[in-house]
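In structure tokens below, several structures.
Both complexes shown next keep chain A, but they swap its partner, so chain B is in the first and chain C is in the second.
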Partner chain A sequence: MTSTATVPSPEEIHDRTRTVLATRIGDAFTDVPSDADLQKALGERYDSLTAMECISAVESEFGIEVDFVADDVRFWFSSVERMVRFTHERLEDTAALGLGS
Partner chain B sequence: MPDIAFATSGSTGPPVTWLRTEDRLHAEVTLVHEAVLGSARFGRIVSYAPPGHLYGRLYGRELPRLADIPVTGLWDEPLTVPPLDDGVPTLLVCLPSTWQLLARHLPALARHGRVTALHSTGPATPAAHHVAGRLADTGFRAHELLGSTETGAVAHRPVAGEHTSGLPWHLLPDVEMLPGSVADGDGTARRLRVSSPRLARRAGTEAPPADWELPDLVAPVGPRAFHHLGRASRLVKVNGVRCDLARVEDLARARCPGLDLVCAPVSDPVRGEHYEVFYAGPGPVDPAALRRSLGRLPSGLPAPRAVHRVPHIPRSSTGKVLTAELTAARPAQEAEHV
Partner chain C sequence: MTATVTTAPRAPQGEGVSGGEPDLWCTYAAVRTLAWLDRTDTVADPDGTAAYLSGRRNADGGYAWSRGMLSDAWATFYCTQALRDMGRPVPGTEATARWLERTWSGEAYAMLPGQAPDVWATHFSARTAVELCDGPVPDRARLLDWLSRLQCAEGGLSWSPEDARRGKADVRACYYGVMAWRAATDNGASGAPPWDVAALAAWLRDRQGAEGGFRFAPAAEVPCLWATYRAVGALAALGRAPRDPDRCQAWVMGLRGPSGAFVRWEGYDVEDVWASFCAVGTLKALGAPLAPVADSVTARISELACPGGGYTYREPRDAADALTTAAAVLSAGPAAPRPDGVRWLEGCQLPNEGGVMYMPGRGSEVRCTLWALAAGAFAGDRAARHRIADWLAELQNADGGFGYWEGRGSDMVSTAAAVETAALLGGPDGPRLDELGLDLAGVLSFVDSCRTAEGEPFAHGNVPGAEPGLRPALQAQRVRLLLGPGFAPPAEAREAVGALLARHRVRGGGYAGEGNRVPDLLSTYEAVLAADRAQLALDTGHVSAFVDRVRAADGTAWSPLAPGSGGPLADCLGSLLARRLASGPGALPALALS
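On to the complex of A and B.
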């Protein structure tokens, strides 16, 4: 049995992710759907450096670590939906392994 | 053999092309290799600097060619970690943003033990100082270069650890420091003026200038070293692109008549430097429209990092904008990030 009770729901992760991304990207992000490819939707506003900032923000918000070697960051951080899936799975893994605080 | 052209962006005025001979490019990489990198024998170069600019060309193309070193170009992939698992002596050609990546891989860098990082095109970021400090007792080495498209590299210093006070810059062996324009009342701060056999030739001229004054403010420490105090002009570099804040203000005011509007330079943890726009106006002004307008600046000028509406622009009795007061009073609730 895993102790997933402390893992936020995907809906909560979604809302918190959108909030932290909005602080990094700004109001241009407001109307971008969560399933949209951020680079296509935002163009240069979501360049690689902004992606790096957003990855750091998500890490900080949820207390997770993204491995730039093992994790396919270009895929998982290309849309809000994918970020939510990645974060939820990472939090579930952490909880299951008893590594969470 | 035709000269090789490097263009400044034109963001500080009309675009300017500066020409360099291949011999001078080779002289520069040889000099930096010997004087800064200690003639280290690298088995690989990994470059995060685009080769269209002088710095990227020198260390991502000319040095690999001269020293017969395989090169991996990652300027289009700044999130890609350099190879760190085989112990091959490696030179990393870094931009300000590269240090965020390296800061995530301190154990691998420490284990590798034979990585040298070269940094240029902007101030070393907090992440750079963090990495240098954490890896101080390993084989990791890091050096900064100071220079410009017009001059090439003129000075160098180690990247200081986060708990190290600012180290002085030392001139490269073929560079001489000349008396620059005085920038303050007591003459402590001067513009950095140099002569060098590697100065570029401006397109349309017969020969390189005898000397060149950079926008950098310095305080000499003896004849061949100085402390860097900042920039004399309102110039910041965002992702390596020169951005004259006075010009941005002119463009923004032209687009938004009636607004009191200023640009303030800010440090940026990823890019080294950036700028933000603060504005005040008598009537309702749509911040989103202002942001969209500033997002389409000409000549490759980078858009501001953020736009802030403030009640008024603080100024001294002589009309000078009080930048520190302005940025300290940044109204988070009304920030319109770009």
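On to the complex of A and C.
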């Protein structure tokens, strides 16, 4: 579990997110800009199964939990930038509530 | 027209609903027909059509009927063969060959890994393995022994050795058996047919009527092009000819419609893709010239192309199907006036098979029959309901389960659909479940065979040995509840439903097919249905959270992760769930897709 004493900066979250996505998606992801819609940029390479794998990878990397119903996953996981914002806010909330380990 | 026909074999009247999408079988049939005519240069949108075919490929190397579904032998053959016919590369045949090996039972092929083998799957997979993946079948000697046991006492071949012992010969099974033998033996160069060929040829020849066309089996009501192509093709592969080839050719040529393309029966009023496929295939097997029909068939097929690639069975705007049409009727609500869609569905009961077809002219399919009955079709037509009941009783496999259509191996979703159909044919004024001629103990036996031996309690797969999932597990309990206390204790079924719902409940709302992370529409629909059947209290707030998430102004999604609307079927299930949440238990029809 990631420490909640200090929330990683958006820049750090960005870099770590790109790293875990590259592991899941492969070379096709390398040239995709962080503000690009992944489904448009990757087509069927970013189908619902891949999206689920990416969400799981981000959860694992940052020790957060995504609710597939309460969180609008199709919106928040449609681009790297949105994933970074979602993750940063979730880590800040967790830290503020003192829920982390 | 023969004197025995009681149902005019015409295209359905009324108004069906078309999804406007290409269909895999139609796409294969269109491409294959054009290849026989040496006209594949006329395939509409070849890149789009190739992308449609290759897009069905799953990560396991097999292909699925539609994206997101499990690989099966049927889709794998059609996709790879059509790509080959188009002169396109067939990707990763090594992985496809490995997937095919998973469907090998030890003596023949099954449609899915774990399922019992049947001759449909054995034909598709033997040909895919040999002709498309360039490999041998896993064990030729055992395959030939299995094929030999398909011969019935009367000489024809059946769907499986078990069906052969029950005397269920059919010209389609003859064709598939013969073509599987050919594929496994290098077109016969490596082994003689494993049957009494004289008896087989005689049985096939006896299916030809005085008019020249063939019937599926002695009990079939009318001759049709489907039966004729399979019979003549099987005879040709055995080096034989029909009893009266000239009359057969004349009968085929007499089924040309106004455009010069073909209809499947005398009196039918739509020139569709499978009629032309079967007609051209028959003419080719007879050694008749194809040039006289090539231009008209090619022109007609071009009218069946869908925007973006692929084909359907007739003009896309008119290419209604039973599931989409039933979905539209069910979405409209029980208080809506009896719509034209119901009339269209009733027209899908055509000669020779008493169930409802997915598309007119195709074989009757058990899920489509259930959806049509649930939509109100045949409500006051006792004769039609009797035909469905008779068809259903004939459909039951020797292992007690049901497959998608005649001769297909058993699976849970089809078995549950068959039992639900039987229940709908009964009702307050109709026969009880045990009066419909079904082997109910056999049904329970098949359902139990799908239970996972180890691991979590009450787990079931769609076929024996398959990975467990929520939907087959709940379908099993629905069957048990319908069979009643004489077969399965209701208290035990209720306990199982409760345990399964708790195991697959997703915290934020809805139910997941596997584990409890990502909820999906089909699993949530099945969960609510099973809870109602088991008379368990439903947390409507929990289900509402999921339904609200997947429903939007532009339609209903299959899951929170799926893009956009899932189309008319998803819209229907979403509407029915919302209606159930507003009105209480008992409002949800027993619909299932997978």
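The rule is simple: the second predicted complex is superposed on the first by the 96 of 101 C-alpha atoms of A that agree within 3 Å, B and C clash if a C-alpha of one lies under 4 Å from a C-alpha of the other, contacts with A are read in each partner's own complex, and residues count from 1 in each chain.
Keep this in mind: a contact is a pair of C-beta atoms (placed from the backbone, for glycine too) under 8 Å apart; a residue touches a chain by one contact, two chains touch by 3 or more.
Keep in mind that what you see is a predicted model, and the values were worked out from it rather than measured.
The partner of chain A that touches more of its residues, comparing chain B with chain C, is B.
Legend: residue contacts after superposition of the two complexes on their common chain; A:S48 is shown touching both chain B and chain C. Of the two partner chains placed by the overlay, only chain C lies in contact with A:Q39; chain B stays clear of it.
When the two complexes are overlaid on their common chain A, residue A:R24 makes contact with chain B while staying clear of chain C. When the two structures are aligned on the shared chain, A:A70 is found in touch with chain C, with no touch to chain B. Note: residues 48, 51-52, 68-69, 73-74 of chain A belong to the chain B contact set and to the chain C contact set alike, using the contact criterion stated above. Taken together, the chain A residues at the contact with chain C in this complex read 39, 44, 47-48, 51-52, 67-71, 73-74.
Listed in rising order, the residues of chain B touching chain A in the complex are 77-81, 97, 100-101, 104-105, 239, 270-271, 287-288, 291, 295, 306, 336-338. Residues of chain C touching chain A in their complex: 55, 67-68, 506-510, 517-519, 545-546, 549, 559-563.
By the touch criterion given at the top, residues 23-28, 45, 48-49, 51-53, 56, 68-69, 73-74 of chain A touch chain B in their complex.
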